[in-house]
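The letters A, B, C and D name the chains in turn, as written, and every chain counts its residues from 1.
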Amino acid sequence: MRHHRASLGLHPLAPVHDDHAKHERQDLFWSRVRTTLREPFSEFWGTVIMISFGNGSIAQVLLSSGQTSGAPGGNGFGNYQSVNWGWGLGVMLGIYVAGDSGAYLNPAITFSNCLYRQLPWRRFPAYFIAQLLGSMVGSCIVYANYISAIDYYEGGHGIRTVPPAPKATAGIFATYPQPFVTKASQFFSEFIASAILMFVVFALKDRANMGMAKSDQWFPFMLLFLIFGMGSCFGWETGYALNLTRDFGPRLMSYALGYGHEVWSAGGYYFWIPMVAPWLGCMFGGFLYDAFIYTGQSPVNAPFLGLSHFFHPRREVRAKLQGQKDLQMV
Amino acid sequence: MRHHRASLGLHPLAPVHDDHAKHERQDLFWSRVRTTLREPFSEFWGTVIMISFGNGSIAQVLLSSGQTSGAPGGNGFGNYQSVNWGWGLGVMLGIYVAGDSGAYLNPAITFSNCLYRQLPWRRFPAYFIAQLLGSMVGSCIVYANYISAIDYYEGGHGIRTVPPAPKATAGIFATYPQPFVTKASQFFSEFIASAILMFVVFALKDRANMGMAKSDQWFPFMLLFLIFGMGSCFGWETGYALNLTRDFGPRLMSYALGYGHEVWSAGGYYFWIPMVAPWLGCMFGGFLYDAFIYTGQSPVNAPFLGLSHFFHPRREVRAKLQGQKDLQMV
Amino acid sequence: MRHHRASLGLHPLAPVHDDHAKHERQDLFWSRVRTTLREPFSEFWGTVIMISFGNGSIAQVLLSSGQTSGAPGGNGFGNYQSVNWGWGLGVMLGIYVAGDSGAYLNPAITFSNCLYRQLPWRRFPAYFIAQLLGSMVGSCIVYANYISAIDYYEGGHGIRTVPPAPKATAGIFATYPQPFVTKASQFFSEFIASAILMFVVFALKDRANMGMAKSDQWFPFMLLFLIFGMGSCFGWETGYALNLTRDFGPRLMSYALGYGHEVWSAGGYYFWIPMVAPWLGCMFGGFLYDAFIYTGQSPVNAPFLGLSHFFHPRREVRAKLQGQKDLQMV
Amino acid sequence: MRHHRASLGLHPLAPVHDDHAKHERQDLFWSRVRTTLREPFSEFWGTVIMISFGNGSIAQVLLSSGQTSGAPGGNGFGNYQSVNWGWGLGVMLGIYVAGDSGAYLNPAITFSNCLYRQLPWRRFPAYFIAQLLGSMVGSCIVYANYISAIDYYEGGHGIRTVPPAPKATAGIFATYPQPFVTKASQFFSEFIASAILMFVVFALKDRANMGMAKSDQWFPFMLLFLIFGMGSCFGWETGYALNLTRDFGPRLMSYALGYGHEVWSAGGYYFWIPMVAPWLGCMFGGFLYDAFIYTGQSPVNAPFLGLSHFFHPRREVRAKLQGQKDLQMV
């Protein structure tokens, strides 16, 4: 099993926090599969939960907009703030499901953890695939749950439209920008919000600065407020994707489910921005944190701010890999 | 007392967490009754609290809809989000009252704990009866509290109507589906939401995956957000019953209080769906968690995913019972 | 100082939780006054904070109702839910200020703690006076802060009206019932909500039932949600006073500030209900908790449910007092 | 490095909470700069985060007011409560970033900690400059993010107006009072809210009164609710600046960005009130806490309530400085 896990890029030892793994039936075939694929399974289901709540909250609020009869309070079943809470608690509960693998349901954060926090790069592909599949399954669940309501809202069976159509429902799944926002502002909005996200996540995890330990219950709880804040303060112009899997997975799924080519072309082919900006934003936010506050091991705390990596890449990579082998991480 | 408790299906020793039980007056008649019936009493009162806040929040928001005079803010006394908070905090406070018996105020979760988490099946009946009675008493309290407001809202003394009547108040007590939702969607909505509920509850309780210990204050607190999320993301189409006692108890009570036969026939005899779907949903959600993430003792971590139970039922049951006896659990 | 404290009914030793009291300057006159009156000062300021936030939230939401210009979102500065949060966090922060003296800013809860939890009765008067004065000062602060806004809202300098007048502002300070609620429903609403409040507070404090220890940070935090829930679920008909000092202190103050005799006569001389119902409700809720769940020392856990107190009052009181003296509590 | 830190007024030893500082690369130039300027950098970035979320929440809610198409719920992207949450979580996350230096992103609170809690006065200038620069950078980020939306809302490229203009956006950055509030009420509102803020912060930090230790995760979390409460209960009349840097920094920035001279003259030259009132309010609130509740070392716990400082200033200052030197704090 150690061999299989290592070949997938995972830590040779599965992160099972107690003596469960010593259970007598752990040598069954499926138990071994489950232990081998522990982190990918965790990331997959964590992302399913995140997207189910997140996309589900938009679906409920959007599709019930303006309903007066049968609605307690007489004005639909939620408002924009419900969407903020939905994404916030979706991320929180998703991370409780996923445990603390350093991936955080977001490939851009996984990427920053590889870049700045010694998460081995070979972990990345398995985490990424699990996150992407999870987001596709999560958006499927929401689609299946609300299919009759979408028909009802769009005005007929099988009608599916994309913003800025007046009764568009594609916004349930992927994000679409406000019409007045220029391309540069779209990019900047996703970039700066991702940078703040990464900066605060690193602060919350920095033990040297009042941060939280691994398996501290506070960390996912604080993400509730961080994501809520992203939606309340930076969520209007572009919909705060901040995450390739949150946006691309459901977008692909909505394309497959019949929303048509407009899911790609809407907003001036906006779709590539949440695929690109979060990586750069998280990289920038992580750089700022490490440059100004972080005192631990980081490439930024290296000669020439770590730029030596670019001059002697092979030597650096070999040294890093050797260090990980010494720690039996790979 | 151990004998009485065992004959009711309870653990021979009452779960009193400290040395209170050593108090000198514990041999009084009523003290012995209280200790004997500790978990049923706890579940009963926990459910009373849950339903009081939950049904109470719907009552307040529905009956005050659109009131402008005397309402701070000029638009009633709450909105749909207040209902989400009301159910969330009702479940949280109810579980604080009930302690951590593994029953969680919901017979479908009790059932999953019996099925997957070694809670002895003989606990089930006493918990279930306590939950059902508690939900009936809770809805009675809300009815008694709002009786004059219901008269006022319905338009006359003793008028009681059921959705989709325009001034219906039966929705305070039980759930009624939105009119456009097909029978299959009704079932799916309750099923999938119950599955997510069970999945996340198992994750929050899984010590091997960053989960929370018994008597950890975080667990009920996280249920606040989980139930809030259920209401915000999956609460519109069918009203997120997710729980036989939450729906059937108050429905029975509303029938007894004069809402008429429509409480059963409304929504195409919808009433049976929240009686059936939560069991299947919780069973499915628990199965998924155990199949993909849980590493502890579970029938799913057994040869053929535990299906051997179906081939040799008698032998399995006898072995399980013997194990429980060895642990002095029954 | 011990003598002075005992003569005021307080514990002979001031509850200072660390070695602060050993500070060299503690023999100054005012330091001794402060230590002697520690709990009354704490309750006083805790109540000031509670009422400042609580009354302040109603003032802001009511007086800004419907304001469109300059209001982010275009609809005033808060809604009914803001009032729920305001009271909830007011109680939470007030209890953080007041510490954990068993008084909880509410004389009815103080009373129940005397009755059921061995808080000596002689503590009651000092706590009660401190709470009442604190609520008067708190409402004064809110009045002083919003005086020009009240003039503006009422339509002229010095105009002060009481519900059901269309521009009434007396509801900022004290509670007034909805017009359709009968006298019996008014009483029941305050009674049952107080009973639930006391029941849950006792549950949260019961260490034998997953409850919280003294100086546990969770307890005040959970009161945030409990009070929020009271406002969301039982707050419409009568305004959830649940507390003599929360209602009577600000009412007296509003009378003194010129709101006229209607503060007493409004709602069919409603004012006496929040003065009476909370005591009975808290007594009933505490009785239920002790009868069905509590396993510790309580008069309910005594022969004939503690009714022997009524048969041999003198003997019981003497025995209780002797017990407290043995523990050096009085 | 100790010398450089001392000459900046900082504690000779940088507050790095673990063994990170022993990292091999800490002798690089930039690592030494980072350690030398640790607290100013922390305060700077904490303030950036606070202002980004706070100003960002106002920007989003104000600029999207009344938008119906594409808005889930059909009424903009947030309401006034979102602004309260935005500031609350901005302060919370900012303090997590800043750690626990006693500065709390607010020079008036820093000032009170110097005055009443033995924070050396020489810390003040470096903290203050860092906070002010941080607030300017934070408001720049928000401006850059929303620049096209501001153009769209104001009605044209480069149009920038200040309240009470009907489409004013200057309120995103600095606070402007409601038009009916008199100068005295403006001052009182900021003064009393600052006093309550300081009073509760001191209570939350007072270990002798159930308060929280350094690096306790609860303290920043409770500030979330404290600031939320400030916005819900005392936020309407003057916008709850409570903090020179929160108001003056963004105001200066908005002036530099072209909002014109009205940012100073609006509201009858209101701008000086949030520059002055918070200091007096925090001083008063801290005095009240120390006079009535605090039992630790404080000038108020000194002969004549600490007024001797005014009679023998030189002697007092010298004694204080000697004490700090003995503790190696300066």
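General remarks:
Keep this in mind: contacts are C-beta pairs under 8 Å (C-beta built on N, C-alpha and C of every residue); 3 or more make two chains touch, one makes a residue touch a chain.
Owing to the predicted nature of the structure, the values given are computational and were not obtained by experimental measurement.
Shared contact partners of chain A and chain C are B, D. Chains that count as touching both chain B and chain C, per the definition above, do not exist in this structure.
Summarising the inter-chain layout, the chain whose CA centre lies farthest from the centre of chain D is B. Chain geometry summary: the mean Cα position of chain B and that of chain D are 44 Å apart.
Between chain A and chain D the centroid-to-centroid distance comes to 31 Å (mean Cα coordinates, whole Å).
Shown for chain B are the residues that touch two or more other chains, namely 61, 76, 78-79, 81-82. Every pair of chains meeting the touch criterion is listed here: A-B, A-D, B-C, C-D. Taken in their complex, chain A has these residues touching chain D: 58, 61-62, 65-66, 76, 78-84, 163-164, 166, 168, 171, 176, 178, 180-182, 185, 188-189, 192, 196, 199-200, 203-204, 207-212, 218, 222, 225-226, 228-229, 232-237, 288-289, 291-293, 295-297, 301-303, 305.
Touching chain B in their complex are the following residues of chain A: 16-18, 20-21, 23, 25-26, 28, 30-31, 34-35, 38, 41-42, 44-45, 49, 52-54, 56-57, 59-61, 63-64, 69-79, 81-82, 85-86, 89-90, 92-93, 96-97, 99-100, 141, 144-149, 152, 215, 217, 224.
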